[in-house]
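Structures for review follow.
One chain, chain A, links the two complexes that follow: it is found with chain B in the first and with chain C in the second.
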Partner chain A sequence: MDVAIALVIVFTSLLVASTFVTKANKDPLPNLQLLKYGSDISRVLDYKGYLDTPDTSQINNEIQRILPNYYDIELKGDGPGSCNFYVGNIPPENKAIISGKYYFNSENEICTLKYKIWLK
Partner chain B sequence: MYHKEKRGQVAVLDLFIAAVIFGILVATIMFTWNEYNIKIEKHIEYNDLIIKTFHIADLLTQYPGKPSTWELPRPLSHSTEQQTSITTIGLVYEEGIIDEYKLEKFLNTSYNETKDIFNINNYEYYFKIINLDGSDLNPIIEKGILQNKTKVSIRRLVIYQNEEAILQFQLQEK
Partner chain C sequence: MVKMKGSFFTLSGFLLVSLILVLSILYSQTLNQSNDRLMEAGSLERISSLERSLGRTIKEMDNGIDISLERIGEIPILTQINITETINSSFEEYGSDFYDSILDLKSYLESDQQEIILNPDILYSPNEKIPILFKPHNIKYSHYNSNDKINVKITTDVVSQNYELYLHLLNEKINHDRNIEWIIQNPVNESTINKISLTIIASDYDGYTTNISKNISNTEHNQFRVSGCEIDFNTLTPSSIDIDYDKPYIISLLTIPIALFEEVTANYPAGLVLMNFTEINIFKNRTVRIA
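Here is the complex of A and B:
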């Protein structure tokens, strides 16, 4: 009986350790790639002038064009004047969401673009 | 007398079973320890590969390089009478906007020299710029070696010739 209990304890400890090591070894690459893609999209939108006077439908069309079909995104423009806009989809609750913030200049006002991006 | 001998035999049998169980446990723990050491080592190497790949992709797409006009013929250094060296390769004149002259110079620089500058002599890399839909540009813009080894590949959205394009950078173990 003592031996059985000891064995159960030892193997449970090994199993728990193994689970934690496996969890810690989760590949971080997809999330890092998402983060970079989110910031690249913000920069491209700014460079192409879509954020000068933000227009929801124009930004939406551009996003459809440049966003790979395995990603989805939510963009929120925030600030004074015409900076406020909302484009994209509502992030799901059961997936990893990567978010970031991009500062841009719109009609001489400093505005922020918050993006949330995730794998479909 | 008979009872004493039997008790002695039972004690020896217990000891034998305990020794076998102990041996199995030690072997299992050693095996697991070894397995996880290998796993952790591989994981550290893979993370290192990821960090290097992201770092180089950031340098290429967000910085003009060092010196910032590294693509131009380099002047002689006053003190050594040698050409000032390139410390960092960057391909943009503004964040995310590819400078065609820098790109041309990068493509014309020898593969090994670029590896020296990136400080990735223990790895091989592959660089390519493609259209948004994944098709090749005309002419094809690529550099480096593709291998079937552990690799990390990253895609960055850039502006090339005023159009959106994908810069793909891949780092592989030698």
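Here is the complex of A and C:
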């Protein structure tokens, strides 16, 4: 009987300990990396002039060239005229998705680029 | 004896399990704090991305002035600041397109992202327009009203014997028979302690170039004239150069090499962009870097 009680106490303690460790182990570092990738990709597109007069196929080609294989992205341009565009894939519902916003000029109009990026 | 052994064994087991539990809690708390720091870093990265994109958007709107910074020379390391702009309108009209674009951006931005406020009055006041600060030397290049004409004013709070100013003016047409007219009111000799080396180079579209180098006092008033460009060099603290253009369509090119091993940046004044993300306790009073 004593042994049984002792074992229950020991295993309960170990279970609590493992719960703490498991909870804490949800490492956000990859998410930070995702955010940086999204931010960098927006800047690359702007600096290379792809956002001056946005062209869906050109942006798509550049995204495929610069985005690492194990990432996926959705880009939405918002604003007047040619600023409205959609490139990439629809984000999944069962994965961590990181989003961000980037302002840019296109043909003297102010526009925003919203990106969502996730691990495939 | 057996009972003691059992108690000792139970106590040891209990202490061991307690140790594991305490260590796991400490580990959990440390990782939680680390996660908080990473979340902060993520928020800062996101805000920094917004800030950079706004800076680039504002920079692209200002198409009236072109600034380039280039390093020249090996020892000493010199940074050359080149400013090129066309001043061909009255003070009232000067920069009005840029100001209108900034107002458009302000209304767009403040409806889209309430946490960010633009303050265009810093760039466009009734007396001074589009001031640009060169850091870390605090050289200020701005335009002010002089009887509805645009005067360029260059001021600095850094004055030393090693400080050299080069003023390169590209004028419409220089009278080739006349060199730079140097009307120095307070000439200084070599023994003067508070003096600055100033070189003026004037060129015109025909390729004609003339130049002059003088030591000027940084405590006295100095004045000289370049074929139509009135240059008033007033070195009272803070020292300043006022360029009074009396002809339209003049492009000025200012070149200031600075013998300091530091990175030079060109910025609009602080307070142009205010960011107030109260939920994550971030308040930023920022400016826009132009070059």
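One rule holds in what follows: the second predicted complex is superposed on the first by the 100 of 120 C-alpha atoms of A that agree within 3 Å, B and C clash if a C-alpha of one lies under 4 Å from a C-alpha of the other, contacts with A are read in each partner's own complex, and residues count from 1 in each chain.
One rule holds in what follows: a residue touches a chain if its C-beta (ideal position, glycine included) is under 8 Å from a C-beta of that chain, and two chains touch if they have at least 3 such contacts.
None of these values were measured; they are calculated from a predicted model.
Asker: Looking at the overlay, does A:103 come into contact with chain B only (first), chain C only (second), both, or neither?
Answerer: Touch status of A:103: second partner only.
Asker: By the touch definition at the top of the document, which applies to A:18: first (chain B), second (chain C), both, or neither?
Answerer: both
Asker: Between chain B and chain C, whom does A:9 touch in the aligned arrangement: first, second, both, or neither?
Answerer: After superposing on A, A:9 lies in contact with chain C but is clear of chain B.
Asker: Quick check on the superposed pair: does A:29 touch chain B, chain C, both, or neither? Answer first, second, both or neither.
Answerer: A:29 sits against chain B and chain C alike.
Asker: Can you tell me whether chain B or chain C touches more residues on chain A?
Answerer: Touched residues of chain A are more numerous for C.
Asker: Which partner does A:86 reach: the first (chain B), the second (chain C), both, or neither?
Answerer: Neither partner.
Asker: Return first, second, both or neither, reflecting whether A:43 touches chain B, chain C, both chains, or no partner chain.
Answerer: In the superposition, A:43 contacts both chain B and chain C.
Asker: Once the structures are superposed on A, label A:65 by its partner contacts, choosing first (chain B), second (chain C), both or neither.
Answerer: first
Asker: Could you list which residues of chain A make contact with chain B in one structure and with chain C in the other?
Answerer: Common interface on chain A, chain B vs chain C: 10, 14, 17-18, 21, 24-25, 28-29, 32, 36, 43.
Asker: Taking the complex as given, what residues does chain B use to touch chain A?
Answerer: 17-18, 21, 25, 28-29, 32, 36, 39-40, 43, 47, 50, 54, 57, 61, 94-97, 132, 152, 154-159, 164
Asker: Going by the contact rule at the top, pick out the chain C residues touching chain A in the complex.
Answerer: The touching residues are 10, 13-14, 17-18, 20-21, 23-25, 27-32, 35, 38-39, 41-42, 45-46, 48-50, 52-54, 56-57, 60-61, 101, 104-105, 108-109, 112-113.
Asker: Give every residue of chain A touching chain B within the complex, in rising order.
Answerer: Residues 3, 7, 10, 14, 17-18, 21, 24-25, 28-29, 32-33, 36-37, 40-41, 43-44, 47-48, 65-66 of chain A touch chain B in their complex.
Asker: Mind pulling up the chain A residues that touch chain C in the complex?
Answerer: 6, 9-10, 13-14, 16-18, 20-21, 23-29, 31-32, 35-36, 39, 42-43, 46, 100-105, 108, 110, 112
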